[in-house]
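Multiple structures are listed underneath, in structure tokens.
You will see subunit A twice below: alongside subunit B first, and alongside subunit C after that.
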Partner chain A sequence: MKDMVTARGPYDLGVDVGAISTKVILLKDGKVVGNTIALTSMEPGKLVRELMRDLLDEKGLEREDIGYIVATGQGRRSVDMADLARTEITAFAKGAFFLAPDVEIVVDIGGHGIRVMRMGEMGIISDFRTNDKCSSGTGCFMDTMAMALEVGIEDIGERSLRSMVAEHVNATCTVFAESEVVSLVAKGKTTEDILAGLHQMVARKIVALVNTTRSKGKVLVCGGVARNTGIVGELEKTINREMIVPEDPHLVGALGAALMAPRRKDPPVSDTGRRAAMGPDVGKMTFLDRLLRWSG
Partner chain B sequence: MENEGPRYLKDRKGYFPKDQRQRTRKRSREMEASVSSDLKKQRNRPGKMAYFDEVLKYGGMRFEELREFHKKGGKIVGTLCVMVPLELVNAAGARSVRMCSGYYEPVHPANELLGDAGLCPMVKSTLGRKMVSSDPLIDLIDLVAGPATCDGKMKLAEILEDWVPVVMMNIPRVKVGETSSDLWVKEIVHLKDRLEELTGHPVRKKALKEELSQWNEANQYWSEIQKLRRSERPPISGRDAMLVVQASQFDDIRRWNRKVKELIEELQRMRTKGIFAGEEGAARILLAGSPMIYPNFKIPSIIEGSGGTIVTDELCSGYRLMSDPVLVDGLSKKEIYQAIAERYFFPCSCPCFSPNDERVRRLKEVIKAFGIEGVVFHTLRGCHLNNLEATKIELALREISVPMVRIESEYDEGDIEQVRTRIEAFVEMIKARREYHRNPILEDVQ
Partner chain C sequence: MITAGVDLGSTYVKAVVVKDQERVGYGVAPTGHDHDVTSKKVLGSALLMAGIEFGEVDHIVSTGYGRRVTTLARSSISEISANARGVQWLGSELGIRTIIDIGGQDTKVIALDDDLQMINFAMNDKCAAGTGRFLEVLARVLEVPLDKMGPVSMRSRDPVDITTTCLVFAKSEVANLVFDGHRKEDIIMGIHKAVARRLVGMAKKVGVRDVVFFDGGPAMNIGMVHAMERELGRKMYVPEMPQIVTATGAAILAAEELQKKGK
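Then we have the complex of A and B:
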């Protein structure tokens, strides 16, 4: 048995083939060695191979150094070289538990889906829910809105924070919300106020989903949309409980996947391990800290 | 009422083009064929299942039989819910056929008539089937017996009056009090009168008692199958079990009894050899919620294709059809009707009833008896009653730390991948829990 383990390289590759972007993370002994990200293409298998090669070249490693490849995300089955494929629900929970074991609810806001996981003992999900056939609040939704407002997706968070009085957006459907946004623009409302209103609407929707779990515990928010400081700010205001956002929220799924490599039955959940993985003071950061970190 | 003519489709003539009927028929036939071929590919499938495939086949052997019967002047009664006493229908000399449809294509003509209306797709499909007569069987039906259960079913029965005579049964939806059971007995007797009127045969006590004993025997066989499913390695898959019990709604119950007996013998042989219908280490799932009528086996197929095995269900398209025998206390006709009314009212845990705490109690009992590791609660879009009860059930299951996942589905194949992801995650979760939540070892039932 031991021989088999040593026969495999010491590195594990976590691959998260999301609806919009593909994230790859390289892990060694519970520490993140490197990561890369690209837009998901029509051939996820090929894309992952390229990303892996880039990552290995960057770190001066060989293919043999990689022990296990674990895939997750909507395109997990297209990654032919993966040793294991697990759903994104399991992967995000795994990653989140590694980062903050005391969290009770994990919210993953991805490109096409919102997933809320309630954590049980030992980081095993005890319950989860997802958005049902509705893209409202997802990355795609925010993309559409940013396009309607002619703002870059990376700027919407920051710009919404400059709003003084948020406009009220009622529609949750992507198409109707877009037409509501267009009519607000026609009324001469500022982009900042409209964005703030959109973020409020999204936050309300996510909080409603979180509340259906009937849990009052601490929340960790991750997934690509958690990089949007506007939504994070609104969530903090409405969620009415302790909430943390890790530094690279979009990588949590890939991290969880890498942690599921079969050799690691029990991932090292220590403060040092966590800090090493995701930067210092994760979970302790205030909203302002994160804001400064991202905007700077 | 009968003279007023159509209300929902006054301009019925030529409303639906012929090619729509052809298309609906073709797609329905194709859907049934593809679902059936998937079922046949299951590993370790008992050979005796072939008979039940044939009974439910689109335009299959049973349809030919019913057509012959109808041609000779026999009457066929369509039933809409599980509260219609099939014993009574058959004792009156008619044949019963469950009308609820699991075909996807007929949803479209119903949408054209009603708009989307947020209505349950099963109701729409059943209506659409009649509208374009997408299924040759549907045109043989002479009378529809429709208990006014949920809103969808009640209005479905009303709309169907535009095409075919309907007996609307006023089922009491409040389950307590003397008035409820009195009313229901009267409704059963009313159904009997309408059946006698239809067939011209009086319902004789002897015939009724004979039918009752046949159906009670069928219940007995079903509980045999359930016993086999309780074992640690069930020799029959959840889909096949659903197929067997749904076949009883179309078949001649005497022949069904014979065939099920043969099936049980085969299953018992398989069990002694240790043959398991599921994947090794499969998660033991209970299926609950809205009905899944053949060939709408989308969700069960996903569950059993993603490392789960459906050990039992609590659906009105499965376990609930055969869960209780009719227990007659006396010999008088009145007592027989009383017993039938009780059987078709009190044990039924359809969410249209209130109070319905019986459902939660039974569910907890079944979970314990069958060693269930997780519950998949399925609701059809627009099934408000199940959607509402899901919350109550989820919280009740949390108390006994049994996880539940809610899945909403429609009559189309667009959401297969989304549903699959959720079911896979659910199975992964159950398997991860095993290391920490040891389930009590199942006693081998015999």
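Then we have the complex of A and C:
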């Protein structure tokens, strides 16, 4: 029998309702025990309920096993069953600090916006920049380009790595870049070279944004776009400082949300916990390691 | 003396034929894929209107974003200088001191001194918000022909507020507004207001002095003019054919170049 005072289940659910996709993570004692992802629908509340159901079924758990549900992301207010809703900034910073406490700058490249957070003592955000006015460099930008090039979004990273000479892309604006891509295709440029050029452009933009923080510290890059090996590679070439990308960069927000469940004690931030949460040797992997891992 | 100006914009190519300081013919056509072919076609129709043979044209100057692509012209000039020259040609009695020019893919604000010489300018070609492209893409989302956007928007009594800046986000916002049952005229006026906010913000950085001159293709849109005047808080001077002011300027500059050479 459960104690009446602590009648909450031992699992916490972190929900990140992003502009493009919704991520759900199941956490127990600071360890990720399951996660799922789906495209954000018109009714995020309903979608999250379905995703939770699937996740619980998969793990053989009941609704009562979940102690807290914490939502984040731009659709967080639509998650009616959430106990708490927190901004993406807070959630990503929390998740990033849990994964790598020594990181000074956290960059989240999301579906509709880019966020740069500067971490202070104890994982408290000391400064942040967001850009949600412009779609350039976001997931939505990459989606548009992949569509113009008729390449699947999951393939663009790998395809760009095959380029020998990147095709320079002038435009920054998503709308103008799309036209530029179409005319580059018409000129007979290869998909690989165009993608590499696009990734260089996005990397330049992100590095410029990171540099506005005037910090020289270690950077953690997360968000869905950080799954693109092409952009990660270009960033590593140009960012000129130590940079890490967690294994599931798109889940960092949901992880941070789950970690904000108001339990009496914070889950331990330990190496073992971190490893269990996001796979082995996060932070120690080089770009080549990740590349090998991702390419199979 | 017969000269021509060809303005190769991102969306439209415009050509003007000038004979002894008078505009005698013009042509306009969508840019298409081949700037060179389109520019020849457009100049051809301008010459046809003027009743002039190609061989009679003494000099051609190109301008605009694709000015270096055409094989027609022997020299080229920036669209900012050509636009300012076009305004000078219209006449100093109009008292124009500020030019706001919306193009298909960029926007320019030009400040003139009392002798109509350019003293400052600002240009946005980095972001589609506040350019003709913004109107063009959203017109397509709304399934309203571009040339009907103005008249339709003038019926609006309660314009909606477009909250996003990026055209990509505005596309979804507009689609949602339609889905939510907002009237098209209210959405379109909201779009015009959003573009006007961006343009006026830019113009204020350069400095706005009366009279404000408004040209470029979107200046043919009555709703856009209306929204601009409300946002600026003053009337603007919109020429009869706002699309061909820059091409006219280029044709006038061609005549001047020729005169200089003749000396």
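Some points to look at:
FYI, the second predicted complex is superposed on the first by the 286 of 296 C-alpha atoms of A that agree within 3 Å, B and C clash if a C-alpha of one lies under 4 Å from a C-alpha of the other, contacts with A are read in each partner's own complex, and residues count from 1 in each chain.
Keep this in mind: a contact is a pair of C-beta atoms (placed from the backbone, for glycine too) under 8 Å apart; a residue touches a chain by one contact, two chains touch by 3 or more.
On a predicted model such as this, the values are computed, not experimentally measured, just so you know.
Annotation for the three-chain superposition on subunit A: subunit B and subunit C clash. Legend: residue contacts after superposition of the two complexes on their common chain; A:140 is shown touching subunit C, with no touch to subunit B. By the touch criterion defined above, A:186 reaches subunit C but does not reach subunit B. The wider contact with subunit A, measured as residues touched, comes from B rather than the other of subunit B and subunit C. Using the contact criterion defined above for the overlaid structures, shared-chain residue A:129 touches subunit B, although it does not reach subunit C.
By the touch criterion stated above, A:86 is placed in contact with subunit B alone, subunit C being left untouched. By the touch criterion stated above, A:174 is placed in contact with subunit C alone, subunit B being left untouched.
Superposing the two complexes on chain A places one region of subunit C into the space of subunit B, and among 7-15, 61-69, 223-231 or 241-249 that region is 223-231. Counting contacts as defined above, subunit A residues 133 meet subunit B in one complex and subunit C in the other. In the complex of the two chains, the subunit C residues touching subunit A come out as 33, 105, 126-128, 133, 137, 164-169.
Touching subunit C in their complex are the following residues of subunit A: 112, 133-136, 140-141, 144, 171-176, 186. Considering their complex, residues 74, 86-90, 120-122, 124-130, 132-133, 212, 214 of subunit A touch subunit B. On the side of subunit B, the complex with subunit A involves touching residues 391, 394-395, 398, 401, 403-406, 408, 415, 417-418, 421-422, 424-426, 428-429, 432-433, 436.
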